[in-house]
Amino acid sequence: MGIVLGDDQYGKAETRVVRIYRDTARHEIRDLNVSTALRGDFAAAYLTGDQAKVLPTDTQKNTCFAYAKERGVGDIEDYALALANHFTDDIGSVRRARVDVDEYRWERVAVDGAGHAHTFVRAGHEIRSAAAVIDTGGSVKAQWVVSGVRDLVVLKSTGSQFTGFLRDRYTTLPDAGDRILATSLTAQWRYAGTEVAWGEAFAQVRQILLERFAVVYSRALQQTLWEMGSAVLAARDDIAEIRLSAPNKHHFLVDLSPFGLDNPGEVFHADDRPYGMIQCAVLREGGPAAGPAWEAPASFA
Amino acid sequence: MGIVLGDDQYGKAETRVVRIYRDTARHEIRDLNVSTALRGDFAAAYLTGDQAKVLPTDTQKNTCFAYAKERGVGDIEDYALALANHFTDDIGSVRRARVDVDEYRWERVAVDGAGHAHTFVRAGHEIRSAAAVIDTGGSVKAQWVVSGVRDLVVLKSTGSQFTGFLRDRYTTLPDAGDRILATSLTAQWRYAGTEVAWGEAFAQVRQILLERFAVVYSRALQQTLWEMGSAVLAARDDIAEIRLSAPNKHHFLVDLSPFGLDNPGEVFHADDRPYGMIQCAVLREGGPAAGPAWEAPASFA
Amino acid sequence: MGIVLGDDQYGKAETRVVRIYRDTARHEIRDLNVSTALRGDFAAAYLTGDQAKVLPTDTQKNTCFAYAKERGVGDIEDYALALANHFTDDIGSVRRARVDVDEYRWERVAVDGAGHAHTFVRAGHEIRSAAAVIDTGGSVKAQWVVSGVRDLVVLKSTGSQFTGFLRDRYTTLPDAGDRILATSLTAQWRYAGTEVAWGEAFAQVRQILLERFAVVYSRALQQTLWEMGSAVLAARDDIAEIRLSAPNKHHFLVDLSPFGLDNPGEVFHADDRPYGMIQCAVLREGGPAAGPAWEAPASFA
Amino acid sequence: MGIVLGDDQYGKAETRVVRIYRDTARHEIRDLNVSTALRGDFAAAYLTGDQAKVLPTDTQKNTCFAYAKERGVGDIEDYALALANHFTDDIGSVRRARVDVDEYRWERVAVDGAGHAHTFVRAGHEIRSAAAVIDTGGSVKAQWVVSGVRDLVVLKSTGSQFTGFLRDRYTTLPDAGDRILATSLTAQWRYAGTEVAWGEAFAQVRQILLERFAVVYSRALQQTLWEMGSAVLAARDDIAEIRLSAPNKHHFLVDLSPFGLDNPGEVFHADDRPYGMIQCAVLREGGPAAGPAWEAPASFA
């Protein structure tokens, strides 16, 4: 039986592109971490070392910078699509391109109550992300956009229980009628198309996720995730699927009774490891197929 | 069109199990990071919050600790298989279990030239990993084992070039006839079965990877990965596939000419980001199907 | 010449205390990382292994949790002072106690435009810190409080130059008439006393730091730090000293000319390493002595 | 009362210098992380923004690279001394220079049982460090060298107790007659002079630290550190002081009794936080003064 090359991809990971818009005295900033990953007619590079069809990762990096000027950086989804289209359209050996972009948020420094024209402070704990995947291997060029948010750390100090679960020989956990529920959410949603007001959509999805986390009484993190995900799909027809990954960041009630103190849900130890890990997808029936949209980005696979 | 639950899994990630063997005065140590992920009949937990079929992640953690005593920790592949078998065999609602284990290596402290009986020092930069996946959803119970090594940082100071590549409008990189090639390798190989001398196999695969990296003249990291992967499959019939993920850790030659110094491959700047990212699979034709073996582990997905 | 024990300290580092105030339905949260470090009559523990005077670090941890209930967590400066006073007053062998507290900020999740009663989202990139040091070794009990902010990432996209610097044989840097200035600021300020409205003071100092960074035209990061620090001391008589530590997070203008593009301060590469590191103290003449206030906290020394 | 500039220093942190020796076909590698920090006549840079006496941090970086060629990189202590001497001797405005160097270890890849000529694999978990401080502000030029090791992770699975400690109202910890003792040691030792065979000294000190950790029955981490430190000073007259910083990496015995299993020191949970933190200095009486040797390096202060 022969030994053959299977899937392969290559690209440049984590190019740190910062774009300043300074057309007026009131500057704007876009702060990005960009990763590209290409597939196509690259077997010779592996099998014989022949690089004739290989676009260097250094060139991919240059292209990320050049496009920040040529095309600009509006919504990161558009920037990712522009780059992915370039690689598939303009480089003959490329059959599929994936571009992942993380965006770090900044807000203006307040001076005398007003936002300063060219001074910014890093805002928020979370990261906005987008991935564009374009594949030209089929009869028609296919495109996918997945937007997301990462490191969205949320906590509710009541309104959460965990009871009535399966018990086996190794179960020691008691029912919890009222507990802290906390997670560092990763949410990624796949659009049905590419004609979307990305920024508005992002803001709406983020707000729905937060609101549902807040108002739904939680009988488990699983149920909370479902409520969050299905609410997003209910609100926006242009989203075909959302995937949620949520570590259960355990907050253990500290036993203060040895010190003569009661502790009615007031003092907790925030533990590091281990942590529960709950992951699910919520889908719209009959939506477009996911194709390669969920393939791991270049820097993680 | 309805909104439905798609794939889901849950488990306990990063349980830090340390097992000491002290049957004699000469102790042994196993230092593990264990993650479990279960799939099965868990829709109710999402849709209604009913936990009746949900084995708590806390119980999964307990099981990891208990099995370190009951079954012991020999090779991490066996430990992972034992846990995965337990979850699928003994918990009715579980259809598929995945157990990921990282092992941190220790070596004995040398005292008067001999290894001390109960004192150890952390060895090596790299991490040995194993994943066992068991699925009972089909007509027969199916099992997969993927072993691996991570953070295996290697560098060759010559014997590497990158020339003759595709050039486009954005290409500025000159040909490099002699360069440093360095990577932090992640290699994961999928076995065809589960009757393997895991420890010997790991040592052999690791050695092949290192040797091929050393002796193959590199015309690209792609070619080097292929040579490494195919050599592993050539050496061991019981391995069906290997996947390699290799960041190209760039070492840039420093221009010392402004200081009146030449620099014939002697002084380099080790850069952080961006980095090339090269990934490929090498397969044996006609081998068993991968099934869910490559699904992302619980802590990364 | 004899071999003797020099300085020593011990404590419990990074106890993760989360305190929920739930006296009304509108909960409050305090999320802390607490480190304690004690000095005193502990030589026997080192020299003979006699622990009779050693308060276990486990007890110190317990005390951090218990005090979160008994004394509560208002401003972290008060909480740190209460703990430090306890260790020096109540434990006979302790001569000096240092308590370091980091606070992670949360804000309420907005639901229908109003802050939710018990659901929070991690806010901001930065960390508020406080350290209390109490020493009873002198004729009178002495106290110091150092407050601070860490990971305050700021950037100005113009209004910064670096010109006219010293040149030697190894200098290749050209003058920069207009550049990005960015840093991840650590600022720590030492109060002259302990009767301070800590929360108000923190907010005022943070605002002054941001405003001065924004409005001062920068001829060097050094000058910017001086302007920031001296403005803080000018505004508040109760601050005796401020120390600023600022990595110069380099943003390099990308050369787009090979692609036929100009780049008038628009596209930058945000580099990781190396980085400039500028550090200074700004003092009030005649202020109280720093004593041990600036000793490294337990987790860093 | 006036507001004045206090201590200040500036430099370039974390320049990643890799030096290949390729004079013969059998290459050598030195892999360094270098930080420089200068003090001197720099007040004008802060007070007025005048850079005339400021050697740019970019120049300091260039010098690190150039010296790797001009002077070479033998022992990192010599390289640090050469750089520190250059800054104080050749730059008029510099009164004191501190150079910190971390070295990452590599070993040769074994091919057919022999070390390969130009292929290396990252070795070990720990980092060797050195700092040179030179001050010309006094009547004579003064020099200090501090060598060290960091991230030296050691564990003993028996031979450690913690009993007979002080108990107060908040103490719940029981005596431990036999426990795991584990730490990630940072040790730094200050030499009395600069004429030392650095590499041999490093190897000897590291070995003494490991051996003492192994063979001394531990009644507390404090006592173990004292035994380690005093043994180093006893063995080498040219070392004036050693400082040890040791997090107590807690390994908690898991209670397996709910599962009908005993656990006689076999299965442990390796916890992350909090951790004990034990720090001490061991000094030779009558040795030379430490001066500024222990000032925090540029990247930490």
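So that you can tell them apart, the chains are marked A, B, C and D in the order they are listed, and the count of residues begins at 1 in each.
Assume a residue touches a chain if its C-beta (ideal position, glycine included) is under 8 Å from a C-beta of that chain, and two chains touch if they have at least 3 such contacts.
On a predicted model such as this, the values are computed, not experimentally measured, just so you know.
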Given subunit A and subunit B, the chains that contact each of them: C, D
Chain whose mean Cα position lies farthest from subunit C: B
Comparison of C-D and A-D (more C-beta pairs in contact): C-D
Whole-Å gap between the CA centroids of subunit A and subunit D: 38
For subunit B paired with subunit D, centre-to-centre distance based on mean C-alpha positions, whole Å: 31
Distance from the mean Cα position of subunit D to that of subunit C, given in whole angstrom: 23
Where subunit B touches two or more other chains at once, by residue number: 15-16, 62, 66, 170, 172, 258-259, 272-273
Residue ranges of subunit A touching subunit B (in the complex, touch as defined): 1-16, 35, 37, 42, 45-59, 61-63, 66, 90-91, 93, 162-168, 170-173, 218-220, 222-223, 225-226, 230, 233-234, 241, 243, 245, 247-248, 273-287, 296, 298-301
Sites on subunit D touched by subunit B in the complex: 15-22, 27, 29, 31, 62, 65-66, 68-70, 106, 109-111, 116, 118-126, 152-159, 180, 207, 210-211, 213-215, 251, 254, 256, 258-259, 261, 263-272
Subunit C residues within the subunit B interface of the complex: 169-170, 172, 258-259, 272-273
